[in-house]
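Shared between the two complexes below is subunit A, which has subunit B as its partner in the first and subunit C in the second.
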Partner chain A sequence: MSDNLKPKNEFPDQQGGNKQKKSRLTLAKQKKPKPPKKKWLTNEGKWGLFMISPYLIQFIVFIAFTLIASLYFSFSRYDMLNAPQWIGLDNYDKLINDPVFWKSLWNTIYFTVLFVPTQTILALILATALNQSLKGLKLYRMAHFIPVISSWTVVLYVADAIFNPRFGLANDLLLKLGMEPQQWLNDENLVIPVLVAVAVWKGIGYMMIIFLAGLQNVPEDLYEAADIEGAGVLQKFRHVTVPLISGTTFLVLVLSTITTFQAFEQIYVMTGNSGDITAAGGPNNASMVLMLYLFQQGFAFLKMGYASAIAWVLFLILFAITLVQVKLQNKWVHYEK
Partner chain B sequence: MKNPNRKRKIISYLVITFSALIMLTPFVAAALNSLKSYTQYTAIPVEWIPNPFKWENYIEVWRMTDFAQYGWNSLVVTVLSVLGALFSCSMVAYAFARLEFPFKNSLFVMVLGTLMIPPVVMIIPQFIIFKNMGFLDTLVPLWILEWLAQPFGVFLMRQAFLSIPKSYEEAAKLDGCSPFQTYWRIFLPMCKPQLATLTIFTFMTKWNEIMAPVIYLSSEEKFTLPIGVLSMSGAWFGKEQYLVAAALMTLIPILIVFLFTEKFFVRGASSSGLK
Partner chain C sequence: MAGKWLKISVLIMAFAFILTGCSDESGGEAGTNSDQTEITLGFYSSGSADEKMNELIQKFEEEHPDIKVKTQNAPYQQFFQKLDTQIAGGTAPDVWLSDGVFVQKYAERGAAKDLTEWINEDLEKDEYYGLDFNKDSDGKYWGVPQGIQIGALFYNKDMFDQAGVEYPDESWTWEDLKEAGAKLTIDTDGMKADDASFKPDSVKQYGLTFFNITEGWMPVMKSYGGGVLGEDLRNSIIDSEENKEAINYIVDGMERGIFTDPSDLQAFQSPMSPFPSETAAMRIGIYARTLAANETGVNYDVTVLPKGPDGERFSPTIANSWVISESASDEKAKAAWEWVKYWVQEDEVQKEWAALGEAVPVKKSVANSELFLESGDKPANKQAFLDSFEHAGTLDVNAVWSEWVKKFGDNINRAFLNETSVEEALENADEEVQKVLDEFYENQ
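Up next, the complex of A and B:
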């Protein structure tokens, strides 16, 4: 009996004097029927709803409402000065017959197809090299992170030191090797490969860390077993590392496809002229991507309806790609049980 | 046994050293460019080492432009965003992790779903909302959304709150704390590593952001650093060495933040691939 009372005595203010006489059992009985059944909203429920209210506001105003509005705009003519005017499928119809739209779709796909595998493979190789007890590991990691934490404006001026057609390092090197200098970002055929190279350079440190986290979950004894069987560095990479981190690889692929498809900042900064959005995407639309086209149409030419239609097409394509990637994962992603 | 390991290490060193050089060379080249005179900057054949080193280029940037104003705007946006993210994400995450309320599970599924909607489809209506609220050409649209619990931060903080034993909550309750007080006084101080991660990620995103400033800002005195420096280049033909200096200066604050919090950055980055 006295043992039962002990814990309650630690909180005399809480329980009140006469309650101390009751056993724990009766206390529990008294409290139980109160919370869930009678009142729909308990005290805790009220606090819960109150505390998630920032998210609720965001969801109602900035997500649910904007999604509906955006869909409605895509079926309307809307210049922001006059009320949106319903025009049915006209925007989509115009889109299908718009050569710049097709070009930017093609460029977007081209960019993604070049970028995603290059970055993934290189990041995986780097992560494998870093996944050992090397000296100066932190410094190596840091070197790869400096591009990651730089804004695209910084990257623009830093990349200019390399790819400036007149006095960049790249052309200097080509000249010394007796080759023709290039126009790089001003060359219709080179602009996307150069942009991809810069994007890989900027993003690889981040991907490398994601892979490193995946690699650290690979049990060391598998490598030891491979050593005993006499496997070389490359064989171990191919037969142990690659299959065991395919889950991480899959995630990296899906996430980077989604982000790359929506790439805007890099192309806006690196191909625009001092922030003029109508000048970006050159030369001759060779680097026009869907997001940039959407921005030009919407914010430079105030064709908000048309821009919304582009946004929804982009969304649907992304959705389809993600679906295909998820379906394909059974074929190559190895999940450990 | 020793030999293959050694070989592996040598190859690894070669690979990462080579790659680190590729990462840093452009920065070194740009830094050298920022210390040249214009004649030397554009000289052909290329002269790599500045002669003389014109350190005054960096001072000129401050003297000749609104650099200080851009920096102040960037700071306001970044600090308000970080505060907003820390407060709103942790509070919402606490409720999802620790409290019972109606529709909790379906609401959390909604948070998950939000992550999958590409921001593209929401940009235009959001712009119109902010326009109707009279926030065009102000800094408000650049930070206000961070006060409304962005999903990434909610996830991060929820994981942290879930890992704390239940007894803390009960003890707080017996002491007469309301759920908000329990969150604010007891749980929040226990999640410093996650708060640090969220701080760095928000700081980095906002300090470097370009898309939102491009959409919302039109007058120059409101510009943040990335678009401020970008917009200089039009009028600055023939002074490119200053532009490089300006761009490199915008990197310094984020570099400092990064150097002090590198381990949280790595942790945050690696957790984003594990989800």
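Up next, the complex of A and C:
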């Protein structure tokens, strides 16, 4: 039967009025045995799913499930050892009235505001400088990349050699210049700037590499054209380089904003005495950032519900900031068509 | 065709996933005889202690052929982080070694088994040190000590000799300590704390190094008659005259450069290092601190901690303990109890563990034997640790210990650094600590 109908389907336009009606009916009937299009997954789709299944399973188990669980926990009292108890908005209510939460939010923002522009600008300058054809260039690039691959514990030792209030180089230098020695990480006002300085040193190599990749995509002929127009080095940088790597710059900005909001390890290692989570974030909570506060509340004090609430607030803030960045990019980011 | 393959591969994957994810449970059972009880034993570990622990476990298995012990261990921080997650996931070890300050955290949240009955039945309480430190205010026991840490005064004999100061003894008060400390404190120009031109900001050698709770403010406050929590451990008694006096004593010592303040300590790679590195002449130290001191070869000895103004003495004590999981089956809990008994009752075990030198033995007969008192070279006066038991007390440990310690520490450190007055710091600490306590106990 289906064989008979087939030609009619193929040329529905040639049918008369009556027959057309009929063929529509049969067409509807016929869709069932005609599998490929209606099936929710094609064979290729299945294979595709299969190929990504390790990641998919990982995503469902370790990300999607935990996300939902943490949202649920954020509305409950949960000490990990006992079943969570639903308490509605209490955690969020407490959050709003918690001075340490506000302080850590402020510290996080302060950290980001200092860190992101500093790192971005310095990385760009560094990348431009290293985007030349010089001898031993690879060596310079590598030198800047070494802190990136070092662990925070190693960086801590280097930083300590500099900023140790008793034995550090920084205070030696200040003394030689006739200035007062500083307490650095023990000083409420200095702790974040010092942390930022170290973080920039550690992270700059990575951003520099991203910038380098961007710089190498700028077509040479544009510079040649600019040369012909008589543009100086700075003008070329301002009018050719900057607009053409704006896409890269955008990426760097988003990436570094996200990493600073997630800053944890560095502050944990550098301010916590011998890995003591309850000691980290000092002095007087001056370097307490959201991630650290979250971890402390959750894992040291067993307030998983409260920690989850902090996590969701952190997520919302990050989401909002990234959204703003994406919206703003239309204004200044230039993509080559 | 592809559909079939997909199903098969998904099955394989799921199986592999279960295998890798749950190997902890499924792996062990296979090798166990049906008449054997398998228990999981968790402990935090460090180098040499690890080896000894495994040796003792092996001996235990030989003596108890019906029990098989599987171990889980990790360095201190990771161990406790993992433990909390394991308890949450219902996969906690059947018996684990808990830092003494965390026993109540598990007990009051229902993760630890009440051991009162078993202890009453099987243990002669007078034979052991520290059993009572795991007792809650209702008189229930939640753990059995594995090793005891108790505070004493460590002093560097060479530095005392050099300064011509007499060694400390039982007669010392905290004021005596400060007086002697002043003579032992030297700045970078070689001036002593009592000299007019002494610079407290550039101290080269401190009289006393002072480190947060156990080896810092707690023994001073308690011997001054103060403390942090009342007897029920649910109320703050921070804002008291006695505490004010004690903290003033400490702040004065720090201001004069005789004691290390929190920011001085930050300058050392480890806050524990001033004594073994001979940057401080004295320290308040628990027994385990002898390890570092012996390692660096400092010429030191110990004595009991100084008395407060009214002659009261206080030795801070931590009883690191075996805790049995509330969720362990009866059979496993009983097997775990066998392990605990084996640990505290067997002289051999106690001796072997004591030989490591990281804790005072739990069993009094072993602690009072030559084996402990004469072991190793230093300190000569190990008896001081045992004498300290007469004045032993806990660190006001309860379920929210870490949290209130953090609140208290944050406030008191500001007073230590002269950022606020002692009165204000105590008032704030009192308020914040009470809030932590209320929040937890209101919901219990």
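Here is the rule we use: the second predicted complex is superposed on the first by the 284 of 337 C-alpha atoms of A that agree within 3 Å, B and C clash if a C-alpha of one lies under 4 Å from a C-alpha of the other, contacts with A are read in each partner's own complex, and residues count from 1 in each chain.
Everything below uses one rule, namely that a residue touches a chain if its C-beta (ideal position, glycine included) is under 8 Å from a C-beta of that chain, and two chains touch if they have at least 3 such contacts.
Bear in mind that the values here come from a model prediction, so they are computed numbers and not experimental data.
After superposition onto subunit A, partners subunit B and subunit C are found to clash with each other.
Look at A:P54: by the touch rule set out above, it reaches both subunit B and subunit C.
By the touch criterion defined above, A:M80 reaches both subunit B and subunit C. In the superposed model, A:A300 lies in contact with subunit C only, and not with subunit B.
Legend: residue contacts after superposition of the two complexes on their common chain; A:N186 is shown touching subunit C, with no touch to subunit B. Shared-chain residue A:F65: touches subunit B; no touch with subunit C. Contacts of A:P283 after superposition: subunit C is touched, whereas subunit B is not reached.
Of the two partner chains placed by the overlay, subunit B and subunit C both lie in contact with A:R166.
Here subunit B and subunit C are compared by how many residues of subunit A each touches, and B touches more. Contact with neither subunit B nor subunit C is seen for A:N330 once the two complexes are overlaid on the shared chain.
Steric collision with subunit B, judged by C-alpha atoms after aligning on chain A, is confined to one stretch of subunit C among 75-83, 165-173, 363-371 or 435-443, namely 75-83.
Under the contact criterion defined above, the residues of subunit A that touch both subunit B in one complex and subunit C in the other are 46-47, 49-50, 54, 57, 80, 160, 166-167, 273-275, 277, 299.
Put simply, subunit B touches subunit A in their complex at residues 1, 4, 7-9, 11-13, 15-17, 19-20, 22-27, 29-30, 32-33, 41-46, 88, 91-92, 94-96, 99-102, 104, 107, 110-111, 114, 117-129, 131, 145, 147-150, 154, 174-176, 178-180, 183, 204, 207-211, 214-215, 225-227, 229-235, 240, 243-244, 247-248, 250-251, 254-255, 258-259, 262, 265-266, 269-275. Put simply, subunit A touches subunit C in their complex at residues 43, 46-47, 49-50, 53-54, 57, 77, 79-82, 160, 164-167, 183, 185-186, 273-275, 277-279, 282-285, 296, 299-302. On subunit A, the positions that touch subunit B within their shared complex are 11, 13-14, 40-42, 44-52, 54-59, 61-63, 65-67, 69-70, 73, 80, 125-126, 128-130, 132, 134, 138-147, 149-154, 156-162, 166-167, 169, 172, 175, 201, 204-206, 209-214, 227, 232-233, 248, 251-252, 255, 258, 262, 264-265, 268-269, 272-277, 291, 294-295, 298-299, 304, 307-308, 311-312, 314-315, 318. Across the complex, subunit A is touched by residues 2-3, 6, 9-10, 13, 17, 77, 81, 84-85, 87-88, 105-106, 109-111, 262-272, 400, 402-403, 405-406, 409-410, 413-414, 417, 419, 443 of subunit C.
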